[in-house]
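Shared between the two complexes below is chain A, which pairs with chain B and chain C, respectively.
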Partner chain A sequence: MIRNWFRSLYHWAEEGEFSAAGEDQSPAEQEESSVCLDESNAWLAEVRSDEGFVPRFLSWLGTPAAAALYRDLYRVFAAVICLTVTIVLLVTVPFLPEFGNPDNPANNEVSERYIERGLEETGATNIVAGMILDYRAFDTLGESNVLFAAMCSVAILLRVDRKGKEANIPEIQVWRWDGKANIYLRHATKILIPVTMIFGIFVVLNGHLSAGGGFSGGTILGASLILLSNAFGSKRLEHYFSNTVCKWLTFAALMAYACLKSYSFFTGANHLESGISLGTPGALFSAGLILPLNLCVGCVVACTMYSFYAMFRSGGIEDGV
Partner chain B sequence: MAAVQNFPFVVIMLYLTGGVVCSVLRARAAARYCLLLNAAATVLMAMTLAYTLQSGSSYIYLMGHFSAPWGNELRIGPLEALMAVCFCGVMLLTLMGGMEHIFEDCEPGKINLYFGSVSLLMSSIVAILFTNDLFTAYVFIEISSITACAVIAVNYRNGAALVATTRYMIMGLLGSGVFLIGISMLYDLTGHLLFENLGAAVRAISEDAGTLFPLTIIIGLFSVGMGIKSALFPFHTWLPCAHGNATAASSGMLSGLVLKANVFLLIKIFCRIFGLESIVSHHVPDILLVFGACAMVFGSVSALLERDLKRMLAYSSVAQIGYIYLGIGMGTKAGMEAACIQILVHAFTKPMLFCAAGGFMSVSGGSKKMDALRGAARRDPLSGAAFLVGALSMIGIPLFAGFATKLNLTLAALALHGWKTWACVAAIVLSTVLNGLYYLRAAANLCSEPEQPDPKAEPVHARYSWQFVTSMCVFIVLNLYLGICSGRFMDAIHLGLELFS
Partner chain C sequence: MGSDLSFSLNLFNYYEAVSMLIFGIGFTVLLLENNLIKKVIALNLMDTGTYLFLAAKGYVNGRAAPIITDGAAQAEAYVNPVPAGLVLTGIVVSVSMTAFLLALTVRLFLRYHTLNFDEIIRLSKKEE
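Take a look at the complex of A and B:
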């Protein structure tokens, strides 16, 4: 099905609405993949027998000559539009403020306060962490839900449902090389994994103190999980990091994030004291909610990365519920 | 701060967490949770609307301990609250009306993810309505792009749905990419992301003649970005496939709500950042007016040529989006008000039509071709009644919701002068005639006797669930209410738009 889908997509991009999917397909395949593309042709065939200008024009539209003309026009227009947009955008650039100029409008009271009072107001030595997890935490909450939404969408496409009504679900193919990595990779992984894992955890935990944070630390953790699964096989990794664990970890992290931030939003909007101490700047347990939030973001990012890998590796994932 | 003022924030957080909660629930539980969430959101938003109408003003809600421009904030006014209550309510009714089809079309193991995506989609819509910050709007546009693709792709046993999703994804990404370029240019010029500060900064810099060109380009980028995402005429090619192949509830919520949230954001940008007079001086509305008029005519012509009921409804959405852009393109207050009422009218009507189409399909062997649907309204009278009300509303018959749009748009068009009046009136008249042609043809086809009744075949009759019956009845009543009491809605819209500037 995926093969047909790519073929129809290619034909859509190349030849536009009026061409059917490939000719070498069986009728059943064609019916499946080209419902969307072929519909106009079906009834064009009906009116083809009629006389008069409009029916004749419409039936001409179904001919290969029209499809070729359409394809050529499509290409020409695509090139022209791309060039026009590029030129217009390039022409606009000289009108914008010069890059890196200290008098630019972007260097206004907003960034000034982030830099000057960020440490005092958020307690985070890392101003960026203070900005994304305290000043503009709502945006970041949205961003972590973007990751979650992407994970859901991929799961909708790739999750294989054994309890489904249809029996002819293809078997999930185990990747040929799963668990058969060569000895170099295994030994290198044994040395690398402790280092990368600890480094990832360090980056997450120190997000409010030094460069890094949940997003970058989570990426490191996710990458080390992928490396583990490559070297020792997904079966062994699933003993302690299965899809179910991944799902519940994401759930817990996102719920914790939403609850913590809701509390902070609610108290902020109602002008209540939040009662969260900012601690001593520079200490590990400081900067209020930023440390737990970084942990949550780190979990979400690591789980998202690993589950993407796990789903795409075998082209499907067993239903976890 | 009164407790009722917290409700918009509560609703956004409920929807956001709802997406996460649904992902760990079982299918039936997720469905019930999602319905409950939408019902609660509708009630909370109705209370917010009552509060804002009573106070006659808007208020700012801080998202955190830092006031803008440093932190994030929401702005809640009568217009946003009106849109939110209508959208939440329509979402509830759409889910109820399409519930059976969701369970038929999706695989059981994915239904909970479907409801999770719907919940996230609603969170993004409500957040786009209320946000007071351009970048927050962008973040939630991202969520809506991803989840909107997911609710189409879930129906993937229909091979065409996958192609449609891919098209939709490519076009959606293009739209949000163009929008993001616009945001970064505007930020470069002004140094702000908050609507109020942006407005002040734009007013300050527009005295300098050198910024006229980049501002025009930025307005153009915003219009093109949101135009692609809301399927304005030359960018609409993704819509018929996407809405024609999704499950009934998905089609309904995509054309009823997701397109509208993007248009509403564009209205907010126009009114609150640039101001109507300034926008008119950049001549972008003139282009939107022409595109809107073209959409009204060509969308209707395409619908007339279509032999597939759901694709016909999808092309009708293209035409109806054209009405909204026609109103925006007039560049007057009256035009904006007409555009806003059209957002509501279409949100009330199109999901009802899609749910009715789902009902027809299930009594006609799952086909959505006109020939197979012949006589479907006899087998499923409730869907037939809903379809008839929806069709009359879309044509613009008095007493039905669509009449409010046609009336207000025509009045706004008559107040214009020059070529615009003639273009608008001609487009409205032509589109109304075409709407009448294809809707009445479809209604006649659905109501007529099937051609060769097979004597052996068991007559298929619709089995109604209480959810479907409630949904259709409430939709019909709402449609008549909006048609008869459109004055109330117009007053709220008028007040809300006054507070925008």
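Take a look at the complex of A and C:
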């Protein structure tokens, strides 16, 4: 009822008409609200009859001056809220445990357990990789799916369908960089591309041995793909890395991740021998499933990064030409 | 007061203080800025403050990154690996959210030809 009253008040303030409130409602809702509306109508008529403070205030609410005041009030209140939040957060800082103290409550038995048993249980010398791709692998699958879902949402919003007669988003200029870029960019790219590609693959493959992993390596690979498409035209790159390839690569990587980890969860939960050897710590082919899982994550991240870029540039990766 | 809950004030938590400041700046810009792109940047700034806070919570003075190189797995030699995993999750989610918000901004710009939030609200009201 209060909502209806506010809605009618809003319509009255905007258009000077009180009965316009129920227009955008369904008939059932309208019937229901008409009772409340009559009540509030009667109340407002009563208020209107005597030229007191309230009716004058209500009529003033619709003017541009009130809108300006509202904007100013919003800014003042927002500034006060922001300042309060920042000050409260800063005041809590001295009450937090000392920075870098080994006895802090954050350094509890959980992290000790991860460090002390992580190497023998997962086979990964990088404890963080062992943690996110073995103990908490399910969480990382969720992360990869978040990336995939974001890719799908951006595609829903920005993808231009070139097969149809007319583009579904006519305003987006379908900009294709087919010509040749600046000579400096092209020559720098020729030198940089092999290095960045190999570095990205190195980071993905060494995720269980040193700092890195699927997420960072995949980002490096995606960045080098973006550089390549900027320097030599998207058409030449998308001849090999078309929309279909990108789509199926992402799907296959997510599927492979899910299957591999389901197998390992299934055998682990039922106390079966999984048959996955952990290998010698420090060797490239060691740490059981972490290397293939890193590869899957790297594929997903690289495809997502490049397709984000392609969709913001020209409404999606071209289908195979 | 006979409380046994004792604590000492640590006035040298610089990293935490800076992370709170970054978070506060991001929050302020998010609420007070009208430009949608700047709002997205402010949201990323808030994320960054959170990551710095988490990383600072996991650090231990004089200890190495949790990558076991000499085969000795002693908890006294390495920093806390748990916040690193949390920050990784946060980065992935923030990248996804940034892309999604920017895509929405593109659609709003194509429809209203402005990035000003107040202007978009005014125009959308006029359309009704």
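In this text, the second predicted complex is superposed on the first by the 234 of 321 C-alpha atoms of A that agree within 3 Å, B and C clash if a C-alpha of one lies under 4 Å from a C-alpha of the other, contacts with A are read in each partner's own complex, and residues count from 1 in each chain.
By definition in this document, a residue touches a chain if its C-beta (ideal position, glycine included) is under 8 Å from a C-beta of that chain, and two chains touch if they have at least 3 such contacts.
Bear in mind the structure is a predicted one, so any value in this text is a computation, not a measurement.
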{"item": "First, second, both or neither for A:Asn206, with chain B first and chain C second", "value": "neither"}
{"item": "Partner chain(s) touched by A:Glu121 [first = chain B, second = chain C, both, neither]", "value": "first"}
{"item": "Contacts of A:Gly100 with chain B and chain C, given as first, second, both or neither", "value": "second"}
{"item": "Which of chain B and chain C A:Pro281 touches, first, second, both or neither", "value": "second"}
{"item": "Which superposed partner A:Met311 touches (first chain B, second chain C, both, neither)", "value": "second"}
{"item": "Touched partner set for A:Ser229, first chain B, second chain C, both or neither", "value": "neither"}
{"item": "Partner chain(s) touched by A:Asn294 [first = chain B, second = chain C, both, neither]", "value": "neither"}
{"item": "Which superposed partner A:Asn243 touches (first chain B, second chain C, both, neither)", "value": "neither"}
{"item": "Those residues of chain A which chain B touches in one complex and chain C touches in the other", "value": "89, 92, 95-97, 104, 106-107, 110, 114, 136, 139, 143, 146, 149-150, 153, 157"}
{"item": "Chain B-touching residues of chain A, taken from the complex the two chains share", "value": "1, 4-5, 8-9, 12, 17, 32-37, 39, 42-43, 88-89, 92, 95-97, 104-110, 113-114, 121, 134-139, 141-143, 145-146, 148-150, 152-153, 155-157, 159-165, 247-248, 250-251, 254-255, 258, 262, 264-271, 274, 319, 321"}
{"item": "Parts of chain C lying in touch with chain A, wherever the complex brings them together", "value": "7, 9-17, 20-21, 23-25, 27-28, 31-32, 56-63, 65-69, 71, 73-76, 78, 80-85, 88-89, 91-93, 95-97, 99-100, 102-104, 106-107, 110, 118"}
{"item": "Chain C-facing residues of chain A, complex", "value": "71, 75, 78-79, 81-83, 85-86, 89-90, 92-102, 104, 106-107, 110-112, 114-120, 125-128, 131-132, 136, 139, 143, 146-147, 149-151, 153-154, 157-158, 169, 171-172, 209-211, 215, 281, 308, 311-312"}
{"item": "Residues of chain B defined as touching chain A within the complex", "value": "1, 5-6, 9, 13, 16-17, 19-21, 23-24, 26, 61-66, 69-72, 107-110, 112-114, 116-117, 120, 123, 127, 133, 135-136, 139-140, 142-143, 146-147, 149-150, 153-154, 156, 158-160, 162-164, 166-167, 181, 185, 187-192, 201, 205, 210-211, 213-214, 217, 237, 241, 244-245, 307-308, 311"}
